[in-house]
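One chain, subunit A, appears in both complexes that follow, with subunit B as partner in the first and subunit C in the second.
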Partner chain A sequence: MRHWLRMYGALLRMGWSTVMEYRAQIVIWMTNSLLMVTMMLVWLGISSAGPVNGYTSADFVAYFMIGWVVRNLTAVWVSWELDYRIREGKLSPMLLRPMHPIHHDIAFHWAEKGLRSVIVLPIAALVLLLTPNAPLKLDVPTLLAFTVSLFMAWAIKFMIDFSLGVLAFWLSQASAFFEVFYGLTLVLTGAIAPLAMFPEAIQQALWWSPFPYMLSFPVEIALGRITGEALTLGLGVQAAWALLCTAVAALMWRLALRSYTAVGA
Partner chain B sequence: MAQIHVAHLRKYYQVHEKEPGLIGSLRAFFARKYRTVKAVDDISFDIEAGEIVGFLGPNGAGKTTTLKVLAGLLYPTSGEVRVLGFEPFKREHAYLRQFTLVMGQKQQLMWDLPPIETFLVNQAIYEIPDAEFKATLRELDELLELGPLLKKQVRKLSLGERMKCELAAALLHRPKILFLDEPTIGLDVTMQARIREFIAEYNRRHGATVLLTSHYMADVTALCERILVIDKGKLLYDGDFRALIERVAPYKIMRLQFDQPVSTEQLMQFGEVESNEGFTATLRVPRAQATEIALRLLAQLHPEDLTFEDPPVEDIIRAVFAGAVPAEVLSARATLASAAAAAPAQM
Partner chain C sequence: MRRYLRLWLTFLKANLLLELEYRANMIAGAALGVFWAGVSFVSVAVFYTQTETIGGWNYAQALVVLGLFVITQGVISALLYPNLQRVVEMVREGTMDFVLIKPADAQFLATLRFARYSSLVDLTAGALVILFALQQMRYSPSWSALLTFVATALAGLLTLYGIWASMAALAFWFVKIENLSELFQSLFETARFPVSAYSGVVRFVLTFVLPIAFLTTVPAQAIIGALDTPLLVAAVGIAALALAVSRWLWRRALRNYTSASS
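Right after this comes the complex of A and B.
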């Protein structure tokens, strides 16, 4: 345990130094998430005449502002790292150390989240303060559930992205696949519209898929739209997906390593 | 058992062949043609603790492949490989802690950060106690003069400075075995000499085993008593380096510079003339009499400058390939190896 704490301590510090080197770029990458802000404006326009499927204008502001925070704090790019390492031969030195390279990536992601929080949280807080009747549930259990679901949302995204990145072991230029995948998931995670805008049957199906658990789920917890039994069930389903994605990532890594060490490191 | 034990190691790759052009691409898409490349083809050797062994061979001979198999980065096609009693490709952490592989071309230092940051992460990963870390760092600093480099961004270091830091990063955990792949590649002569001295000193102090590949004869001459010569995946020579040189290259290259042209006839009295361009000339002189000849030549021809060089490593390899090594040298080793294999109880 002490070993892990020390290791993560050192990795996080290195991650933070690197993040500081690239702070300008990271702020520019963050504009990527401005999609949420754009969608907020679109839905504000639509809802100006009256609530849409139970969402008032204030609800849309809160949904997309919290969504913007969640999207930033769950951002992942590990597939890109893996793809790059394999193409540039940078993976071999990492395989020589008595540590799974994934810890390096996890620590770097967390360090980067530190920088994003500093920027995103005050802005979101300010916007929500200035929005009259913004629906937010701020009691301790809700905040706790939100934090847990935020972490699991990140874990699901990270492990899926890691598994996609591992494809680079077999496919050169795997990054083309990532684009297609992320285009598809944008709608299903609730980044374009809250799931409540979808037909009832599709909503029902989606809540069993991993997609809403990457974005909508934590957002709706913060809005107080998911409570009680639904919350407990949701956290359970989310945890199951997080574990499954981790298991798939671990398995793919083992297979990939086998083929990597067979054909040439 | 020897610290590094390799018996009948083979590493074959399947590479797909692609004909040029559109038709070729299409054909390759539907029916890929494969060709087997025998990167390493039945190699056996044993290395004892504390040895410094040079691994010589032209590009693509299989040197790096062998090192990667030993480091657990490549899974062997067949054969037995044991290092410190471990099977490298299982990549057990207990094994990874005990060796290092430095590849001149591939770095572990974080590009955007000062080397010390990578060092500290390695300290945590390898679980090096603070006191030991400080002592090792002090020692590496003394040997490599890292001083101010440690706090400079890696991308701002020169190639030589980076190599020094790479070596330090690779040695913080005090590995028992060093696999060095072209550790001096691209470095200037002074820096090459520094790195060489360092490797020798590290070996002396810690009794570490070193297996290194190099293109530079000087690396091998300075460091290795024993060499392995490999070509096209086959081991051609395993044995004493000096003995090999005496046999296949019993001469030195003497480079001369004059302030006035000297005739080839004059030079011929001293050795075999390789070239004579008037003011500069190159001679081959017998290794044993090199000093004596140099003194005579200095007295009679008054050259401005006189330097000795070892014959290039390529010449020696060529001589080995050409069969200049008497069969008994090779077979003696082979007999030893098979005798050792036949008597595992003693190992």
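Right after this comes the complex of A and C.
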């Protein structure tokens, strides 16, 4: 345990100094999530005439502001990192270290989330404070469930992205898959519209996939739309997805290393 | 003028040969083009499962805007982004000198040299969306509507070129201009909806501060036959302004350029 704490302490410090070095770059990448603000504005235009499928204007603001926070705090790019390292032969030195390289990536992702939180949380809080009747459930159990669910949402995305990144061991065009995954997370997780806006059959199908658990689920917890038994059950399903994705990532990594021959010296 | 047209065609041919060398890359790029057109389509269609109109535009009319959005994105990734990337690289590494010593206009050489053919898929997808939308409306545009459409679409493209050429010129001062283009792309996402979908302030900004409305909404209004003359004049004026600004920035950039290293 102490070993892990020291290792992650060092990695996080390293990650933070890299994040500080590239802070302008990171802020620019964050503008990608402005798409959600665009979507919010268009939904607000529609809901000004009256609630849409149970969502009032205040509901839309709360949904998209929390969603914007969740999307920023679950952002992943590990696949691109792996692709780059494999192509450029930069993976070999990392394999020599006495730890799995994934810890390096996890720590760097978390360090980056520090910077994103500092920017995103105050903005979202301000907007929500200025929105009359914003429906937020702010009791301790809900906040706890939200935090746990946010972490698992990140874990699901990270492990899927990691598994896709491993494809670069075999494919030269692996980045096409990263891009498709990114596009799917826009459409299917609830980033462009609350899932309640989709046709009933599509909603049903989506809840059998991991996608709603990457954004929609934590957001709806914070809005108090998922409570009681549904909440417990949902957290269980989300944990199952997180574990499954981790197992797949671990398996792919093993298979890949067996066939890996380094590029260059 | 004829000389530049010939030069440009030569560039296009060279790019085609280059791209055909990397077949897998081209196919992946084309497949992604179709995928992203689909993503854009879903992101607009989902709104119309809940409402009849957005900002006064019905589904078919909004699809015209979406088609123009997909086409514009295709133009960006086919013609504008590859060149911007190269300009940044050349300024950073000092190889811009080789462009400047060539006996042709530097802005032309630097901003129109490269092209990506796999993005032609986006142009096709966008055009198909527009045709589908017109067919849904059971509407065939009159000659005057078509003419204003061509005029406003052309003005939109020139405005777009002006903005990107200006960003490329800024690379001479700030080098890392890819960030600016990333920011433009994020803001350009708003163009997938008619500008009237947004409320007061945002609509004003998208029309007059960043002329994004002139890239998709205005040409769409033109083909539907709902464009008033002042907007047509404004579209042409903004295109001229964007081109003039890019020209002015390039002149100033070249005058101040002292090359990298040595």
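Just so we're on the same page, the second predicted complex is superposed on the first by the 258 of 265 C-alpha atoms of A that agree within 3 Å, B and C clash if a C-alpha of one lies under 4 Å from a C-alpha of the other, contacts with A are read in each partner's own complex, and residues count from 1 in each chain.
As a convention for this text, contacts are C-beta pairs under 8 Å (C-beta built on N, C-alpha and C of every residue); 3 or more make two chains touch, one makes a residue touch a chain.
Given the structure is predicted, the values throughout are model-derived calculations rather than measurements.
Considering only the touch criterion stated at the top, classify A:Ala193 as touching first (subunit B), second (subunit C), both, or neither.
Second partner only.
A:Asn53 contacts which: subunit B (first), subunit C (second), both, neither?
After superposition on chain A, A:Asn53 lies in contact with subunit C alone.
In the overlay, answer first, second, both or neither for which of subunit B and subunit C A:Ser117 touches.
neither
Thinking of the overlay built on chain A, is A:Pro93 touched by subunit B (first), by subunit C (second), by both, or by neither?
A:Pro93 contacts subunit B only, not subunit C.
Quick check on the superposed pair: does A:Gly183 touch subunit B, subunit C, both, or neither? Answer first, second, both or neither.
A:Gly183 sits against subunit C, while subunit B stays out of touch.
Applying the touch criterion given at the start, work out whether A:Gln204 contacts subunit B, subunit C, both or neither, answering first, second, both or neither.
neither
Applying the touch criterion given at the start, work out whether A:Leu41 contacts subunit B, subunit C, both or neither, answering first, second, both or neither.
second
State whether A:Gln25 touches subunit B only (first), subunit C only (second), both chains, or neither.
Second partner only.
Is A:Met14 touching anything from subunit B or subunit C once the two structures are fitted on A? First, second, both or neither.
first
Could you list which residues of subunit A make contact with subunit B in one structure and with subunit C in the other?
Common to the two interfaces on subunit A: nothing.
Going by the contact rule set out above, which residues of subunit A touch subunit B in the complex?
Contact set of subunit A toward subunit B: 3, 6-7, 9-11, 13-14, 17-18, 21-22, 89-90, 92-99, 258, 261-265.
Using the touch rule from the top, collect the residues of subunit B that touch subunit A in their complex.
Listed in rising order, the residues of subunit B that touch subunit A are 13-14, 68, 71-75, 89, 91, 93, 96-97, 100-101, 103, 105-108, 110, 112-113, 117-118, 120-127.
Give the list of subunit C residues in touch with subunit A in this complex.
Contacts found on subunit C: 24-25, 28, 31-32, 35-36, 39, 42-43, 46-47, 49-51, 54-55, 179, 182-183, 186-187, 189-190, 193, 197-199, 202.
Can you name the residues of subunit A that touch subunit C in the complex?
Contacts found on subunit A: 24-25, 28-29, 31-32, 34-35, 38-39, 41-46, 52-53, 172-173, 176, 179-180, 183, 186-187, 192-193, 197-199.
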